[in-house]
Amino acid sequence: ACGSNSGGASPSSSAAADANAVVQVGSLYEPQNLDNTAGGGQGITEAFNGNVYEGLFRLTDDGKVEPLLATANTVSADGLTYTFTLRDGVKFHSGKALTSADVKYSIEKVLAPDSKSARKSSFPEIKSIATPDPKTVTVTLATRSISFIYNLSYVWIVNDQAGNLSAKEDGTGPYTLDGWKRGSSLTLKKNPSYWGTAATNGGVVFHYFTDGSALDNALLTNAVDVVTSEQNPDALAQFTDNPAYKVNDGHSTTKLLLAFNDRVAPFNDVKVRKAVSSAIDDKKLLQSIWGDHGELIGSMVPPTDPWHTDLTGVNAYDVAGAKALLAEAGHPNGFTFTLDTPNYDPHPTVAAFVKSELAKVGITVNINVITPDQWYTKVYQNKDFTATLQEHVNDRDVVWYGDPNFYWGYDNPQVTAWIKQAEQAGSEAEQTELLKKADQQIAADAASDWLYLYPQIVVASTKLSGYPVNGLNSQFYAYGIHKG
Amino acid sequence: MILEARDVGFRYPSGAPVLDGVSFGVTPGRSVALVGESAAGKTTLLRLLLGLRRPTSGSVLFQDAPLPTGHRAARDFRRHVQTVFQDPYSSLDPRQKVSRIVAEPLRALGFTDHAPRVSAALSAVGLPVDAADRYPHEFSGGQRQRIAIARAIAVEPTVLLADEPVSALDVTTKVRIIDLLAELRATRGLTLVLVSHDLAAVASLCDETVVLERGRVVEQGPTGAVLGSPQDAYTRRLIASIPRLP
Amino acid sequence: MTRYLVRRAALLVGTLLLASVVLFLILRLLPGDPANALLSVGATPDQVAAARHQIGTDRPLPAQFGHWLSQLATLHFGDSFVSSLPVGPEIVSRLSVTVPLTLSAFVLAVVVAVPVGFLAAHRAHTWYGALAGLVSQLGIAVPAFWLGLLLVWVFALNLRVLPAGGFPPDGWSSFPDAFRALVLPVVTVALVMAASLIRYVRSATLDVLGSDHLRTARALGSSFAGAMWRHGVRNAAVPVVSVLGIELATTFLGAVVIESVFALPGLGSMLVRGIAQHDYPVIQGVLFVSTFAVLVVGFLADVAQRFIDPRLRGGLVR
Amino acid sequence: MSLLTVSDLTVSTADGRTLVDGLSFSIAKGHRLGLIGESGSGKSLTALAVTGLLPPGLRASGTVLLDGTPVIGANERSLNRLRGRVAAVVFQEPSTALDPLMRLGNQVAEPLRRHQGLRGAALRAAVASALEEVALPARVAHAYPHEVSGGQRQRAAIAMALACRPALLIADEPTTALDVTVQAEVLALLDRLVAAHDMALLFVSHDLAVVGKVTDEVVVLSSGRAVRTGPLRAILADPQDDYTAALVASARRLDEALGGAL
Amino acid sequence: MRRRVFLIAGIVLVALVVGIALVSLFWTPFPAADTTGGRLEGPGAHHLLGTDKLGRDLLTRLMIGARIAVAVGLGAVALGAVVGGVAGLLAGFANRWLDDTLAALLDILIAFPTLLLAMLVVAARGASLGSAIVAIGLAMSAIVARLTRVLVKRVLAMDYVTLARTSGVSWPRIVTAHVLPNIWPTMAVNLALQFGLAVLAEASLSYLGLGPPPPNASWGRLLQEAQSTVLTAPIGAIAPGVLLVVLVVGVNLLADGLRDVADPTRRGHR
C-alpha cells in the first residue's frame, strides 16, 4: 500500500545529471570485512552487491530474479541438473576474463566448511559442479530445489585466483573499490572497462554512522545525498517539509516477531498463543514506533514474497476474545512469563509495550534484557526461553516454520510437509500454492506473533534520482543513480 | 633506672646512621634533658625510648627490662610513659573535641572514669572546664600545648617524654608552660625526659643534661655542671650562643 | 634522575605486563561465545564449530595467552575474530583520529581552564569568581553528548559553518576537511574536560596565592604578574600536572559517545563494537594500546612532576 | 627626615575586627627599632602593612610613609618600586618563604636582576658576592631550598633582601625557627650587615633577649596596640604597664634560670 | 554567608529530586507500564508534561527516573566508597612493596574503561539496576582508592597519630578515630563529584542497553529515546537533562556546604 517507486524506477530528466558526479551515501551498516562468505555482514551486501560483485542472476529492486552473468539456463526434466551459459566479454577488475572455473569456485566458496555465509543453509545439497567448457557450468543437485536460481542471486562470482578477499575485491561489477577507511567510509569508483552499461555517476562513497541522528544531520548539511535506511520516523518531518528532499517509503522484508517457545508451557497451547497474539494492539505499536510508516502483517510473509496473502485479520486485536481464549485454555486469571529481550532498539521499547498490553488480560511479563550474544546462545542455540523478541530480516524465510528444530520449536507435520514439497515443486505456481497454505496454517496456529513489518525508508536529496527504494536483502544498487 | 638506653645505635632504613652508642638513663622522679643542635638525633632517640622504633643495636630498657612487645604487654609501659610533642598544631587531631583528645589514652589504656579524669587533667594544666567542648583550632598555641600536656598526664604516668614542648611558643607562654611542668613534677613526682635545644628551659626544669652531637653523647652529667663548666667544644659553643638580657 | 627514569620505566613495563594478564583474564571471564558474532540466524552447528576452530577459542587458555603474547612481542595484535582482518592497522588508522582529537581537546581544555581557574581563585570573593565556579559546576553536570548535540544544532544545522559529523574518506590527506571535521568534537570534549580542570586549577592557585614565597617575591619588589609567572605557575603546576595525566588518560577512551554523535572513526567506537561482538583480539588490542597510553601518560606526568619539583627527586615517590 | 613613618595604623578584617589598632612609630635613616609582643599581638601584620602586602580580606587605614611615599592606598606600580629598593623583608619561616622549586642562586639573582638590571656574568658575580656576604658557600647557589639547612635558608633569604641594598630592612622573627647556635650566627650577621650598609632595621620578635642583640629602641605591642615605646634598657628597668611587666618578668625568669646554671 | 546560600541551594535541589523519587515509590500519575496515552502528546491537563512515543506519561517516567538516579548515585558511591576506601586504606598502611603493587593495579583498573567492567558485570549477573550500580561502583572504587591512599598517608604522618600510638591506641581505632574523620571532608567532596559522574555513567550504560530493564527507564535512557523526537517533542529531551543537572549540581553544592558546616576546622574563624 505504500511503495511509490519513483526514486528507483524513473530516473528524472537526466539532462542535468553529471556522469562523473560522486554519490555520497549515508548508512548505518558498516561492513565487517569485504567478503560475504567470511562474515562481511549486511554492510558489505549493501555496498558491493551488484555494484562491485555480480551473481549469475540478479534480484531486482522489486523482487524479480533476472539473469546477469548467466545469459541462459536450462533445467533437466527431473529438476536436478542445471546448465548455465556465461555472458561473453566479462572481465574481472584485475583484468582476467570470467570463466566457468570462477563460477564453480565461487559456489564452492559459499558452501565451504568455514563459510560464514548466511545463505549457506538455504542452499540445497549440491552433488557436483561441472565445467565442460569455459562458458558453461553444470550443477547437479541431490534433491529438487525450486529456489535454486533465486538462491544463486546471492552468490557473488569472484576470481578464483584472487585468494583472500577480506580486505580487497576482484569482482565484475560496474564499480571498483577505491578505498576503505574502517569505522568511517568506503569509496567506489566507476569501472571504466565494465562489460555492460556504465554507471550513470562517477562513483559512490558510503559513509558509515552509528547514530541515526548524526546520519540525519549529515543529510541536512549535504554531507550525504541519500540515506539508505532511515530509522527515525520523527526526524522525517524535517525532510518531508523540505522541497530539497524526497522521502521514499519502500517495502522491507524485516519482520518484528514476538516468538513463543512453542515447545513449552504455556505457549505449547495454541489457544494461549492466539490469546496473546490478539491481546496486543499491533497497530498502536507500529504507530508508536514508526509513526505513519511500516505495515502490519499477519504472518511471516512480507508483501514482496510471491506467496503473500493478507492475513492481518487472523488473530486480530481483540481483548475480549483474548480473555475468553485464556479462560478456555485454563488461565482465566492470566499467567506470568519471562520475555527475553535483546538490548538494542526497538526491542526494549516493544517489550515495555507488550508488558503493558498483556497486563490488560491479566498476563504478567517479566522483561529480561540480554545482549545479542546471549540471545544467540540462550535462545537460538539452547532454546532455553519462554518467549523472545527478534527481528528477522530475510525475505522468503517462512520456510523456517518447516524446521521443527528451529529455535521457536513450531512443529506441525503438515506445515513441514508443505514446505518441503514446495521446495521440490515443479513450478513456481505450485510452490506458491503450497507456501500459501503453509503460511495460512502458521497464522491460524499463531506459531509466533508477527508484530509488524518494518518500513524501508530511503531519504534522498532531490538532486538524486534512479536509486533503489526497497533495499531487498539489504542491497543498494548505485549504478543507476543520477546526480545533477 | 626507670627508663634507660644502653649502647643504642640506630639508622633509618633509607639513610646513614643517626645514633651511635648512646647510653643514658633516668631514675624515678628525676629529670633529664637531651640537648643538641638540629638533626643531632634527639627526636630519633625519643622515638626509640617510646618503642615506636627498635634500635638497630643496643637496647632500650623500661624498669630494667627490655621494652615489651605486643599490644597487651605494652599496655603497662604505655600507662607509665606519656608524651608531648613540639608542634601544638599537628599533635592535636583537628576534628576531635578537646574532651575526646584528652580521653584518648584513657580509653586506649582501659580506664573507665573518663569524665572526672579529663576535667581533672584540664584543670591541672589551667584550662577552663568549658574547654572540653571545643575544638583545637579555637585555642592559641600555648593553650594547645596545655591540652597536649593534659592529654599526657590524664593517665597519671610516671614518665613524661617531651620533645621540644616549648620551642614553638613565645616567651611569656613558654614560661607559663615551664612553670606548669615544674609544678607537675613537684606535685606528682613525674619523671621527665625533655628534648630541647633551649637551654633556658633545660636549666629551669632538668636535674641532668645529656648533650648529643651528630648521634653521639659528647657530655652528660648534672645540669649545673654541664652548663656551668662545659668540657666539650660543642657544648661551649651552644652556651655562648644563648642571647642574654642586657 | 637517570636512575629514577630507569626504575620508573621498569615499573611501567612491569605494570604493562600485569595489565596484559589482567586484560586477558577479564575477557576470558566474560561469558558468551565469540563465535556467535560471526554467524547469523540460520547457522548450522558445523558452522559454529568451524568458526570456533578458526578463531582458536577451542584451544586451552594458556595456549591462547601465549599466542597473544608472542604476537604482541612482534608488535602484532592478531586478526579480528569477526572480520578476520589484522587489528593492528585498524588501530593505527583510528589513532589518527583519536590522538589528534584527545590531544587538541586536552590542549584547548588547558588553555580555557587555566585562565578561568586562575581568575576564579584570584577573584574568589567577587561575582566573577562565583560565576566561574558555577559554570564549572554546570559543565560537570551536563552530559557530553547533550553539549555535542547542541553544538551541532547551532554550528552545523543553523549556521552551517562546520560539518555535523563524519571524517573525510582520505583522512588527513585532505587536511582542511579533516581539521574542520574535528573542530566541534574537540570543542565538546574540551569544554567537558575544562569544567573539571577549572576546579583543580582554582584550588592549586588558591594554595599558591597564599604561599609565603610568593609574598617574599612581592616583598622584594616583584610585580604580582611577575611573581605569579616566575613562582606561581610552576608551583601551581605540581598538583595540576598529576590531575592532567589522569584527565588526559580517561579522555582517551572516554570519547566513545562523542565519536558516535559526530560519526568519527576513533578508537572508542572500535572498542564498543569489539565488546559487543566479543571480538577478543580487537578488545585486547584497543585496551592494550589505551592502557599503554594511559600508563605512559602517567609516567610522563610523574616525570614532569619530578622535573618541576626537586623535592620529589629524593626517592621513588609515587 | 625619617625613612618610615607609621601613624595611626589600623588593620581590620572585613567583618570589622580590629587586629592592629592605631599604631604609630617612625624609623630614621640608619636607625633600628624592635617590635615585640606575644604571639598574635599583630607584629607580622604591622610588618606586612608597612610594605602594602596585607593578605586579601584585611584592610589598613592610617598613614604609612616609606621614604616619603604613602603606602596605604598606593597603586601596585609605585609599591613595586618601593619594595626591595626602599624596604626589604625577611620573613619568619625560612622553609616556606623561599620558592621550593627554584635554585637558591636564581632566587637571589631575581631582585638583583630587577633592581640593578644585572645580566649574565655580572649577575652571576653579584649572586656570588651576595652569598659570600651572608657566609654561604658558593655551591649553595645550585641547591634547592630543601637541600640546605634552615640556617642556610634563612641566610639565603637575608641575601635576597640585602641584594638590592634597601634603605630599610624589615625582619619578621628571622631566627625563631632556628637553633640557638644558628640563631646567634644569623643575629650577628644581621647586626654586621645592617651596620656595614648603613641600613635602617625594623626587627620583629617576641624575645626580649633576641631583640636586645640587635636594637636598643623597642615598641611593645599588645593586642594590636602599642603599650610602650622607648629604649630597651629603660623598659627592662621600669616596665610601667602590666603587660610589659609580665613580658619582662618572663624574660627575666628564663634568663635567671640560665644564669643560675651557668 | 555565601557558603550558607550554596548549602541551602544544594539542599533544596537535592531534596527536590529525592522528594520526587520518594513520592514515586507511592504514587505516580500513571502506572509505570501504562501506554494508554497518545503518541507524543504535548503537555496538557491529562498528561502534565505530555507523553512519549509509546504513549507513556512523561511525568511518570521522570519520577521513576529520579528514583533510579538516586539509587544509582547512592549505590555506586556507597560501593565505590567502601571498596575503594578499604583498598586505599590498605595501600595507605601497606609496606612499600605491597603499596607499589596495589598502586600499579589501581593504575591498570583506572585505565580500563567503565564500559568493559559494565559488560563483565552484566554478562555475569544480567542487565539490571543492580548490575549497573555494581559496575559503576567498582569502576569508581579504583579512583576512590587512589585518593584515599594519598589522604591516608598524609594523616598517618601527623603527630597526633604518633601520639595515639604511644598511648597504645590500636590500629583499627586509629583508623576510626583519626584517619576517617580527617579524610572524609576531602572524600565527601570527591564522592559528590563521583555521584554526579555515576549518574552520567548510568546514562551511557543505558544508552548501550546495559541499564535497568524497561519499564523502569533511567533519565539517561529517556534522554536517548527522546533524542530522536527532539524536534517534535522537545520537553522529553530537555526535562531529563535538566533534572540530571539539578541533581548533580545539587549534590556537589550540598557536599561542599556540608563539609564547610560539619568540619570543625572550617567553622567560625581560624
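Order of writing sets the labels: A, B, C, D and E. Residues in every chain begin at 1.
Convention: contacts are C-beta pairs under 8 Å (C-beta built on N, C-alpha and C of every residue); 3 or more make two chains touch, one makes a residue touch a chain.
Keep in mind that what you see is a predicted model, and the values were worked out from it rather than measured.
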Shortest contact path, subunit A to subunit C, counted in steps: 1
Minimum number of chain-to-chain contact steps, subunit A to subunit D: 2
Chain nearest the overall C-alpha centroid of the shown protein atoms: C
Among all chain pairs, the one with the most C-beta contacts: A-C
Centroid comparison with subunit E (C-alpha atoms), farthest chain: D
Centroid distance [mean C-alpha coordinates] between subunit B and subunit A, Å: 87
CA centroid of subunit D to CA centroid of subunit E, Å: 52
Subunit A and subunit E, separation of their C-alpha mean positions in angstrom: 44
Distance between the centres, which are taken as Cα means, of subunit D and subunit C, whole angstrom: 50
Per-residue multi-chain contacts in subunit E, two or more chains: 123, 208, 227
Where subunit C touches two or more other chains, by residue: 31-32, 149
Subunit E-touching residues of subunit C, taken from the complex the two chains share: 11, 14-15, 18-19, 22-23, 26, 29-32, 130, 137-138, 140-143, 146, 149, 196, 246, 249-250, 253-254, 256-257, 271-272, 275, 283, 287, 290-291, 294-295, 298, 318
Residue ranges of subunit B in contact with subunit E within the complex: 50-52, 71, 74-75, 78-79, 81-83, 85, 87, 90-97, 100-101, 104-105, 107-109, 135, 137-138, 148, 151, 155
Interfacial residue positions of subunit A with respect to subunit E in the complex: 212-213, 232, 234-235, 237-238, 284, 287-289, 291, 341-344, 348-349, 351-353, 355-357, 359, 367-371, 374
Subunit C residues touching subunit A - in the complex, by the definition given at the top: 31-33, 36-44, 46-48, 50-51, 54, 80, 82-85, 90, 93-94, 149, 152, 156-157, 160, 163-167, 169-171, 260-266, 269-270, 276-278
Residues on subunit B engaged by subunit D in the complex (per definition of touch): 37-39, 140-142, 169-176, 178, 197-204, 223-224, 227-228, 237-246
